[in-house]
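Both complexes shown next keep chain A, but they swap its partner, so chain B is in the first and chain C is in the second.
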Partner chain A sequence: MICLDLHKTFKTTGGGLTLHLQTEVPKGSFVTLYGPSGAGKTSTLRMIAGLLKPDEGILLVEDVPWFDSSRKINLRVQKRQIGYVFQDYALFPNMTVRENLEYGCPEDSEISIDELLEFMELGQLASRKPQTLSGGQQQRVALARALAQQPKILLLDEPLAALDYKFRLKLQDYLFRIHRDFNFTTIMVSHDIGEISRLSDLVLVIEEGRVVRQGTPDEIFGNRQISGKFRFVGEVQGIEKHDIIYIVSVLVQNQLIKVVAQPSEMRGINMGDKVMIASKAFNPIIYKID
Partner chain B sequence: MTDWQPLFLTFKLALVTTLVLLIVSLPLSWWLVHSRSKIKPIIATLVSMPLVLPPTVLGFYFLLAFSPGNAFGSWIDRWLGIQLVFSFGGLVLASVIYSLPFMVHPIQAGLAAVPSSLNEASYVMGKSRWTTLWRVQLPNIKTSLLTGIVLAFAHTVGEFGVVLMIGGNIPGKTKVASIAIYDEVEALNYASANLYSAVLFVITFAILLLVYLINGGYLKRFWK
Partner chain C sequence: MKISDIRSMNRLEGEIIGIIEDNGLSQVTIALGVDTILKCLVIETPSSAAYMRIGTKRAVIFKETEVILGKGNLSSFSLQNRIPGTIQNIKEGKLLCEVAVKTEVGLIIGIVSIESKIDMALIKDEAVTVMIKQNEIMLSE
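Our next item is the complex of A and B:
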């Protein structure tokens, strides 16, 4: 269990932001921080990691205080046993893939670097330097490196944001398998609702430095009144009015889907909105594609 | 009969100065990049001063400060047994300060260009600042280090004003090549002056060329 109650005020030219986060994360869960940019998601990760010092508050990890302003406790980042995958991956350019993993690996480690390289399908690339790898490969190295540390908590800062759709799916698979096999608490920052629904048990919606809602992905993004068999999340790309109905173009993953909508349904929906398309009863066509 | 002493002395001075500078500049550059202290602008200014100040000004104040007739100079003489005026030790100290920006600036720029996430990644992996410096920061600023070393070395070789003011012109002790050249010209020994000059010209050209080749990656291409 991770209990956190942290305050931090940032002074910026735009007026500043006050973070006040209060939440509990069960051990072994996969948590996503979701919210608009500048809401304080990355800062939250950095405070948990010990890279950013909160002004006041308390952070307990399995009953061990990592930060407690009233008792002047601030466990150094080096002592926190955290795996952190940075947005830019932060792979060391002077080391090969294998050396990157070995650098973070504790001496009494139970994890074998070779097994880890195989698990992440990096065996072929072990002696390459990071700058010669593709984005997806670098991402896997960054993940493998974080795992080599045998962390208690894995922190992921929009790890898949820079990748194309195909790689995303593959890496989401990896993430899911790793989280299941290695069994630690994972906290991820993400904007991708599909990704969040697939991976996480708990979503914390953060707005202006506060947790405004929390729940399972279904509770947060789903509409519980629809018991749909098919559900997709997408973004509105176009709205055309035809007599009394609307034709809405929605980008779902990498496909543009046209949906017919009633004027009553279209109330409050604008271009660029995130929407959910669901269908209760219809007859899908199924055919083999290979 | 050519006297090789001044050339030998020049390269000895440059070598010692560069070594001392490397040891001094690493922590200083690290501090200049990472510190948030209020006196940082003042220190940064002092480090850069030798770039704009005439060497004679620097030499003049060294001469005053280190003179045994002066409180500071006599204190050093009495307690440490070192006489800094008209001695090799004094030359080294003056050269270190005179060439400081040439070593500090490249290293500082190199360290500042290392993404902060690399350092943070290293800390997250449980590594201390010291380990991070040796294993992550320095290996990633090799070109800056090389540039600093070579510029400091070459700049010390080319020194004249400071050396003349504080070292004088003592053969075998403080008479470096640049001063010897001036001396020989004054004595109308153009042949000797030409020899010293040519040697300095060729050696500094070769050193700088090597750096540009290495930093430009030409040598790697050639070997592969």
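Our next item is the complex of A and C:
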């Protein structure tokens, strides 16, 4: 169990943000922090990692205090057993893939670099430098480097946001395998509802520095509120008025689909909005494609 | 936004009064008013979904474009879900028209082609029957 009760006030020119996060994360779970930009999600990861000092509060990881302001405990980053993966990979450009992994690997590591290279399917790239790799390959190296540290907590800050759709799906598979096969808690920041639904056990919705809701992805994103089995989350790409109806183009993953909607249905829905599309499972036809 | 906030689609409140299940598929009967029941097919069973219980309040929702309107003698028809009403309003477009039907259980909107409207001579205040296939109805909170 990870117990968090952390306070931090940020002063900015436009006012400020008071972060007060109080929550418990079960050991071994995959948790996603979801919410608008500037709500305090990345700051939360940084406080867990020890990169940002809370004003006060407590952070207990499996009953071990990593931070406790009342007892003046503040474990250094290196002592915290975390793996941290950023959106921009943050690899050492002058080192090969293998050297990047070795840098992060403790001497008494139970897992060898070769095993990690094999697990992340990086064996053939081991002697390459990061700039010669694709974005997806670089992020796999960053994940492998985080795993090399044998973390208790894996922190992922929008790790797949910079990747195109194909790589994102592939990397999601890796994240799923990593979380399943290594026994640690994963805390991810993501805005991608499809990704969140696929990977997370628990979603914490953070707004203005507080957890305003929490639940399973189904509970948070409303997947169970309607019995239709044909459900997708997508983003509105086009709204065309035809006659007395609208034809709405929605990007669902990498497919652009069209939905007929009533004017009343479209009230409050604008371009770029995230929407849920639901239909009965009886309507679609299915056929094999070569 | 919660599903219950959605103003779209035809949404009618009711109570589950019957469930017949068969291999993961259920036919749910919902009482909407004194004389109105609707049946719907869902891929859920009482063991897979907690709300699938007799006595549970549930809304039925169905898309306006799935509504079928009938007039006159409808005795031989493979559609069991039938709600009688009167046309309250018709909004016409070029190809389609939106027909608002006042029923015992509330206003139901149907979208039919202009050609159907002309063929059937649909006009305001006329008695019609709203029909909807069982497999077009979704259940919602």
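Just a few scattered comments:
The rule is short, and it goes like this: the second predicted complex is superposed on the first by the 282 of 290 C-alpha atoms of A that agree within 3 Å, B and C clash if a C-alpha of one lies under 4 Å from a C-alpha of the other, contacts with A are read in each partner's own complex, and residues count from 1 in each chain.
The definition used in the following text is that a residue touches a chain if its C-beta (ideal position, glycine included) is under 8 Å from a C-beta of that chain, and two chains touch if they have at least 3 such contacts.
In this text the structure is predicted, and so the values were computed from the model without any measurement.
Using the contact criterion defined above for the overlaid structures, shared-chain residue A:Pro93 touches chain B, although it does not reach chain C.
Of the two partner chains, chain C is the only one that A:Ala278 touches; chain B does not reach it.
In the superposed pair of complexes, A:Leu51 makes contact with chain B only, with no contact to chain C.
When the two structures are aligned on the shared chain, A:Gln149 is found in touch with chain B, with no touch to chain C. In the superposed model, A:Lys11 makes contact with neither chain B nor chain C. In the superposed model, A:Gln78 lies in contact with chain B only, and not with chain C. Counting contacts as defined above, no chain A residue meets chain B in one complex and chain C in the other.
Contact residues on chain C toward chain A in their complex (touch as defined above): 1-4, 6-9, 41-44, 49, 61, 64-65, 91-98, 109, 111, 135-141. Across the complex, chain A meets chain C through its residues 222, 225-229, 243-245, 260-262, 264-268, 278, 280-283. Residues 115, 117-118, 120-128, 135-136, 139-140 of chain B touch chain A in their complex. Those residues of chain A that touch chain B in the complex are listed here as 49, 51, 77-84, 86-88, 90, 92-94, 103-104, 106, 149.
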